[in-house]
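Which chain is which? They are A, B and C, in the order written, and residues in each are numbered from 1.
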Amino acid sequence: MEWFVFALGTLVVLLGAFGVVTRTNPVHAAVSLVGTFFGIAVLFIAQDAEFLAAMQVIVYAGAIVVLFLFVIMLLGVDGEEDLAVDPLPGQRPAGALVGAVLAVGLAVVVLVGAVTGARSVTAELDADVANPVAIGRVLFTDHLWAFEITSLLLIIAVVGAVALARHRPDAQVDDDLPGDALAADGPDADDAPASEDVTP
Amino acid sequence: MLASAPPAEAYLILSAVLFAAGGVGVLLRRNALVMFMCLELMLNAVNLAFVTYARELDDLGGQIAVFFVLVVAAAEVVVGLGIIVSIFRRRRGATADDLSLLKG
Amino acid sequence: MNDLLFLIPALPLAGFVFLFLFGRRVGEPGAGWLATLAVGGSFAVVVATWLDLLSKPAAERALTQKVFTWLPVGGFQVDLGFLADPLSVTMLLFVTGIATLIHLYAIGYMHGDPNFSKFFVYLNLFVFSMIMLVLGDNLLVTFLGWEGVGACSYLLISFWFGDERNASAGKKAFVANRVGDCGFLVAIFFTFGALGTVKYGEIIAQSPALATTTATAIIGALFIGACGKSAQLPLYVWLPDAMAGPTPVSALIHAATMVTAGIYVLTRMNPVIAVASPWIGTTIAVVGALTALFAATIAVAQNDIKKVLAYSTISQLGYMFLAVGSGAYIAAIFHMVTHAFFKALLFLGSGSVIHGMHDEQDMRRMGALRKVMPITTATFLVGWLAIAGVPPFSGFFSKDEILLLAWEKSPVLWAVGLVTALLTAFYMSRQIFLVFFGEKRWDRPLAEAAPDLAAEREAAGATSGHGVGPEGEIHPHESTWLMTLPLLALAPFAFAAGWINAPFWDKTKFLTHWLEPVVHLGEVHSTASSGMKVGLGAVATAVGLLGIAIAVIVYLKGRRDLAARIEAPVLANGWYYDSSLSAFMGGPGRKVFDAVAAFDAKVIDGAVNGVATLVRESSAQGRKTQTGHVRNYALGITIGVIVVVGLLLSKAVYA
């Protein structure tokens, strides 16, 4: 039974990953990403991590991808990207090679080295206790400090994002060549709308 | 019926493949948002590995780790998208290749 | 008295520092008086030291003072110390004494010069350096003074550096001295290498233990240094050109003090000469004799009043080296003392003449000056008779002693010395007759009075400036008391200084007894009978009078034809030695220099710059990894990850 779930989950994950990497339209890529997230959630459930599966769906698929789509909508970057050529020389073959080596290497590591590690350092997976309860027990006792800090981190992230992305009345960001952006960012520069086009 | 459950190695190999795919995507895609999405792929691969280990070693610590990865990834996406918004606000194409001011 | 030795150099040094800082503000003539007082004070301390030494028994006549430890380097310790023994006190007496008189003279001579105070700054620095040279108790302090006088000589010769010839003369002096300084340095190295010390007392004490070859090497190297500083044959070329400096400079440096430094050092190291091979002494004597003759022949044909005296100085220094080479150190010092007096007198006198003739230095424009400049004439005559070796003037006694010991060394050397004495008397008398006697050539315009000189000047394009007087009439006058007083002070010494070592009785040989403790290891004493001494003395006197007589015939009686034959161009041009040296240095010499310079520029600088270029080029290549594109950087990171994974894998498999 689990094999079937595993196969299904793997299929969905890999299809989604393939989609993210190869779809030119960012919106399509985002939807593929959602697929991947669902696949991962399924695999989590297959491995007795129910709470995490729920969190995965809620946080990743429900919030993060939505955020992505909002940004796509805001920036209007749903234009197509030409995947046929890569402007940086040598990047494509190098990237492909690197990816292949990485995959093979990690696989070899997995197959050669047995899964090692100390067993049950934190707590046992007890089938009798519900997963959220078990996680909650550990989280609020042993890892309380980390928990509180991450909450602080979230607040900082939100404030930071607001600070970064807010609309500045005297905004100096311009839409011409990147080289000119530096000149325009000086203290004595006003908005300097460019007269040149963006070159891809 | 097949054996009771797929061995941990299977999940781990899947995680490795997913990780590599995400890596390739980061290296080869130019659109900043798509690069970010590929980054999420890599994080998910890691999460999968953690959960696999949690089951293998009968240890809840792996799942706690995933919990934190999830939270921090969320924060990271928030800030990262804020940066992308502030950089690419007025540009027509959000290409990572345009940001090469550090060229030495 | 030991503790006050430092005052001797300290007073001129203080004068130098004060005038350096405030001289311009003090101005003329205060700067001059201050400088004179500084040197005069130093002279007073020297006299006090001398009296102190006199009060001691002969064996203990040495005062020492250590000011501070200069170079404490492991086993090698050099102090800045002073040694006042008979030799150094003798030299200091005439150095500081004559220096004081010359400072006084210079106040008058440099009157009106815009750089009046600067002159005295340099003069005081010079006196300080000379004192350090003489008073030092080890070779390094002497070398300090040696270099110092060389530098001051450069500064003073090119004092009027607006005219390029003066600046070149200063450079020439410095460079020629430098060649000699190499020799001196090598001698110091040898001494230290052989004996482990450079202190005179210890060198003298250990000298018997020196190997012959080492001693010869040391003396050879020192002699090269002495040739440079004391203008002997290969390296004399700077001295005639050095007459471009003001006359007080010529008098002080190039007659009385600096040029005697070489002889002083050799006399100091006489125990080492005593254990060296005999051929080095012979070489020194031969070089000295040849130089004496060579310079005397050139002096015969010179027309510039100061150039005659310059070549005369070289010639007299040759005599002193002849004495040193023959082992007659006392004779050398004796001649040094008398020469200091009469040569300074002659130079100052010539300065007075030049001043009175409104900067005219060519003797063909002078004549019958005895009527308008009586004091200068009288004192100049005293100097003339002294240098010509006419008894009872001082020069006779000192020259005679040298000739005596030269005879005992080798009759050939004696003959050379004798011929030189003839020439000396001749050219000095020529100078006297041309300048002070005969007919006036200055009361008419130049073209009338001295047509050959006028033609020469027109050809050379020299219209005015240093050494070239007015074209029209000149009205010479006697000089101020500031200039005549030193002349009057020096004249008695030039007359009577011979009596400090009169040869007749042992009791009158003051200088011999005085210097005995210093030179006893190396001194060669005369073994001639008194009959031989009297005979040689008579011959020397006769030769001197003969020289004067020939000059009377040629110049006083107006035998122009003989004069033209004697003053041959080859002599006037110094046997073309200087010009051939310049041609060699300009031609082949220059090629060698250029080659060395090119080597330095290309190989050595090339290596250094090459390193820089290498770094720059490699970093330019390295810069290309910084593309500015994030994706390239991500690629790099990923490759790093793979490497780490590989490492872990290998550890897992093989560890």
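In this text, a residue touches a chain if its C-beta (ideal position, glycine included) is under 8 Å from a C-beta of that chain, and two chains touch if they have at least 3 such contacts.
Please read all numbers here as calculations on a predicted model, not as lab measurements.
Trainee: For the chain pairs A-C and A-B, which is connected through the larger number of C-beta pairs in contact?
Mentor: Contact tally favours A-B.
Trainee: Counting only C-alpha atoms to place each centre, which chain is farthest from chain B?
Mentor: The chain lying farthest from chain B is C.
Trainee: Can you work out the whole-Å distance between the CA centroids of chain A and chain C?
Mentor: Distance between chain centres, rounded to whole Å: 91 Å.
Trainee: State, to the nearest whole Å, the distance from the C-alpha centre of chain A to the C-alpha centre of chain B.
Mentor: 4
Trainee: Among the residues of chain B, which are close enough to touch at least two other chains?
Mentor: Expected reply: 23, 27-28, 30, 97, 99-101.
Trainee: Among all residues of chain C, which ones touch two or more of the remaining chains?
Mentor: 627, 629, 631, 635, 638
Trainee: What are the residue numbers in chain A that touch two or more other chains?
Mentor: Chain A, residues with two or more chain partners: 88, 91, 94-95, 98, 102, 106.
Trainee: Touching chain C in the complex: which residues of chain A?
Mentor: Those in contact with chain C are residues 88, 91, 94-95, 98, 101-102, 105-106, 108-109, 112-113.
Trainee: Sort out for me which residues of chain C touch chain B in the complex.
Mentor: 623, 626-631, 634-635, 638
Trainee: Please name which positions on chain B make contact with chain A in the complex.
Mentor: 1-6, 8-25, 27-31, 33-34, 36-38, 40-41, 44, 47-48, 51-61, 63-64, 66-68, 70-79, 81-95, 97-101
Trainee: Considering the complex alone, what residue numbers of chain B touch chain C?
Mentor: 23, 26-28, 30, 96-97, 99-104
Trainee: For the complex, which residues does chain A have touching chain B?
Mentor: Interface residues on the chain A side: 1-3, 6, 10, 13-14, 17-18, 20-21, 26, 29-30, 33, 36-37, 40, 43-44, 47-49, 51-52, 55-56, 59-60, 63-64, 67-68, 71-72, 74-75, 77, 79, 81, 86-88, 91-92, 94-96, 98-100, 102-103, 106-107, 110-111, 115, 117-125, 131, 134-135, 138-139, 143, 146, 150, 153-154, 156-158, 160-165, 171, 173-175, 178-179, 181-182, 198, 200.
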